[in-house]
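Two complexes are shown next, each including chain A; its partner changes from chain B in the first to chain C in the second.
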Partner chain A sequence: MDITLDLIVFIVLALFITVNAILAVTTKRILRAATYLLFVLFGTAGIYFQLNYSFLGAVQLLVYAGGITVLYVFSILLTSSEGDQAEKLNKGKFAAGLIATLTALGLCLFITLRHDFLPSHFEHGELSVRTIGHALMSGEKFGFVLPFEVISVLLLACIVGGILIARKR
Partner chain B sequence: MIQMEFYLVVSTIMMFVGIYGFLTRRNLLAMLISVELILNSVDINFAVFNRFLFPGELEGFFFSLFAIGISAAETAVAIAIIINIYRNMKNIQVKNLRDMKW
Partner chain C sequence: MFDFGIWTSWIHSQLTAVMPEGLAIFLECVAIGICLLLLYVIIAIIMIYMERKVCAAFQCRLGPTRVGPWGSVQVFCDVFKMLTKEIITIRHSDKFLYNLAPYLVILASVMAFACIPVSRGLEILDFNVGVLFFMAASSIGVVGILLAGWSSNNKFSLIGAMRSGAQMISYELSIGLSILTIIVLTDTMQFSEIVMRQADGWFIFKGHIPAVIAFIIYLIAGNAEVNRGPFDLPEAESELTAGYHTEYSGMHFGLFYVAEFVNLFIVSSIAATIFLGGWMPLHIPGLDGFNAVMDAIPGFIWFFAKAFFVVWLLMWIKWTFPRLRIDQILTLEWKYLVPIGLVNLLLMVVVVVFKLHF
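Here is the complex of A and B:
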């Protein structure tokens, strides 16, 4: 297999994502965990860009990296005092979680790599925003207008619910 | 050319790192961060399957798009609940949350 620029970019992204994901779940300080999560989300957006889904990458950057991470940082600053560190879990539970995760990871990777997928081919070329817009707004066979409307109702319900739950009594 | 399995390996690792964090963390916000990792890895899988196996279709793309929106809503409500818990208990460690109602 020859080394191409695509492959190098992918390897850098993959290492970036893996390292930051592991750091996000092992670091002691919760604010650092949120920062590492932000880096993982950036890496994921990079993978979307590499798959030529620029719109999805932009949505990922806007919604996840721009919105959710800020929400996390605010709530972390609201709910934890300074120098707050994760408490030590006892060794048995720690080892049980690690062993269960590694076993399941090995099993999943084994099945994924042994499975014969449909013949895959990478088709270059950007998915145009016009196509996305038409598919999102059409009620035809491959249209997505119903989930689009349903998610707007869901977001409205979430706004109302969030205010109702978190308001001062 | 990058094989499809490379992407799947990355997303599988990311998913199980998230599960590990969910099992070993004892802080509600840290557990929510782990859930976020799991959701994100599934989004990658949908986009990759769409791009490599069914390049003419849009189903996986739109599933990722809607999953991003739904996870944003889920995070907002979860953080509202966590802030409410903090207001009542002054703590968001899981071991202190023994009562459903107080």
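Here is the complex of A and C:
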């Protein structure tokens, strides 16, 4: 196996994601955890860009890094006070967390290693926006119009709920 | 129009002739990164000098005149002053986040800066979802500002950061809607392609009424997005000292300062690219002699002329209008600009469907 530029970039990104993911769950301060989460999301977007799927990478940056992390930071700023530190884990919780993590890891490894992947039909070069748009809005086979519309209904419900909670009267 | 792609592909072929392709691509990336940062700094220095001179002109003053001819060395002196100042640390604050925040702001700014097509063949990031990527990159800056306000351990900074966050998130919507209006007209999201489609007329002329409305909305929202007057509430000196960067000193403050000015340039150059044709010269169909003369002017001169024209427009607005209140800013966005933007989008769809554009 020869070392190519792609491989080096992938290893750097993977290390970046792993280190930040571990830091995000081990840090004691909640805002730092949000920041490390932001870095994990950056790394994931980097992998999408490396796969030449710039649409998903841009959406990852826009929705997760620019949207959800900002929301997290906002709600942390509004709710928690200055010296908030996570309380120390007791033994039972630690054991439960460890078991859950190991089970999830085992499951993921089992599925990844046992699954025989189809030979990839991935076309090199960028996917055009037109193709993505048609796939999102078509009602035929491999079209995504139903999930697309259902998610928009869900978002509408969220907006209505948010207004209902925020309104005092 | 001269294509710089000939130069870049020549350099690439020369490099691949003497070394493996991976190494060549790596070296090119490093070289491009250095060029990008250099251009970033040069633009920042020009912008700061221009801000002082334009501000002075609007207030019937002369601006900097003492250091160098027309005060042109003043900005360099200020940069050296800032570089040599001590970076203070705040007690009882989260040092890691405090030091990280300016770099997040700069990262977002540089990523957005890399999307700008300066001339033909000089695009750095030219995805076919370029506009979406630009919006994504510029939305990261909010995180840096929020973190800066929080980790300063100072109530004024926190209020400034919250205001800034609310304002930037709100106005991103209007920017998105007005850019989307033009994308309906172009049916592409790639910046280089958007510029190429304007060869027979800039979009502000081709899209006539909806394009002009979108351009005005974009200018207002862009001004608010970069936190400049009359929307400079996050750093309102009279009430919040300096907002989210009150506690920063030395080059950390300098990074915020530079990012603010370059963000102004980025917003202007995107306006120039999307509405005013980018590096595309002014062409009038039918007048071939006139078009040939216009083609003789290089593309990057057209681009910088248009971008700095829009910068000048925004500076004019900044130094003319008084500052608004935060509730007025949010009312303006949510009750006026967003509905107008949505109706305008619909109008543009009608124009495109019935082929009413030029």
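The working rule: the second predicted complex is superposed on the first by the 141 of 169 C-alpha atoms of A that agree within 3 Å, B and C clash if a C-alpha of one lies under 4 Å from a C-alpha of the other, contacts with A are read in each partner's own complex, and residues count from 1 in each chain.
Convention: a contact is a pair of C-beta atoms (placed from the backbone, for glycine too) under 8 Å apart; a residue touches a chain by one contact, two chains touch by 3 or more.
What you are looking at is a predicted structure, and each value in this text was computed from that prediction instead of being measured.
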**Message:** Let's test your reading of the overlay: on chain A, do chain B and chain C clash or fit side by side?
**Reply:** fit
**Request:** Check whether A:30 is in contact with chain B, with chain C, with both or with neither, and answer first, second, both or neither.
**Result:** first
**Message:** By the touch definition at the top of the document, which applies to A:128: first (chain B), second (chain C), both, or neither?
**Reply:** second
**Message:** In the overlaid three-chain picture, which partner chain does A:93 touch, first (chain B) or second (chain C), both, or neither?
**Reply:** first
**Request:** Examine A:4 and indicate which partner it touches, taking first as chain B and second as chain C; both and neither are also allowed.
**Result:** both
**Request:** Would you sort A:59 into first (chain B), second (chain C), both or neither based on which partner it touches?
**Result:** both
**Fill in**
Between chain B and chain C, the one with more contact residues on chain A is chain B
**Message:** Which partner chains sit in contact with A:70 here, chain B, chain C, both or neither? Use first/second/both/neither.
**Reply:** second
**Request:** Please state the minimum Cα-Cα separation between chain B and chain C in the superposed model, rounded to the nearest whole Å.
**Result:** 12
**Item:** Doubly contacted chain A residues - partners chain C and chain B
**Value:** 4, 6, 59, 67
**Request:** Within their complex, state which residues of chain A touch chain C.
**Result:** 4-6, 29, 31-32, 35, 38, 54-55, 57-59, 61-62, 65-67, 69-70, 73-74, 77, 82, 126, 128-130
**Request:** Using the touch definition up top, name the residues of chain A that touch chain B in the complex.
**Result:** 4, 6-7, 10, 13-14, 17-18, 21-22, 24-26, 30, 33-34, 37, 40-41, 44, 47-48, 51-53, 56, 59-60, 63-64, 67-68, 71-72, 75-76, 78-80, 86-87, 89, 93-94, 96-98, 100-102, 104-105, 108-109, 112-113, 117-118, 120-123, 127, 131-132, 135-136, 142, 144, 147, 151, 154-155, 158-159, 161-163, 165-166
**chain C to chain A touching residues, read off their complex** = 21-23, 25-26, 92, 94, 96-97, 100, 127-129, 132-133, 135-137, 139-140, 142-143, 146-147, 149-151, 153, 158, 161-162, 165, 169, 187-189
**Complex interface listing, chain B residues touching chain A** = 1-2, 4-10, 12-21, 23-27, 29-30, 32-34, 36-37, 40, 43-44, 47-48, 51-53, 55, 57-58, 61-62, 64-66, 68-73, 75-77, 79-84, 86, 92-93
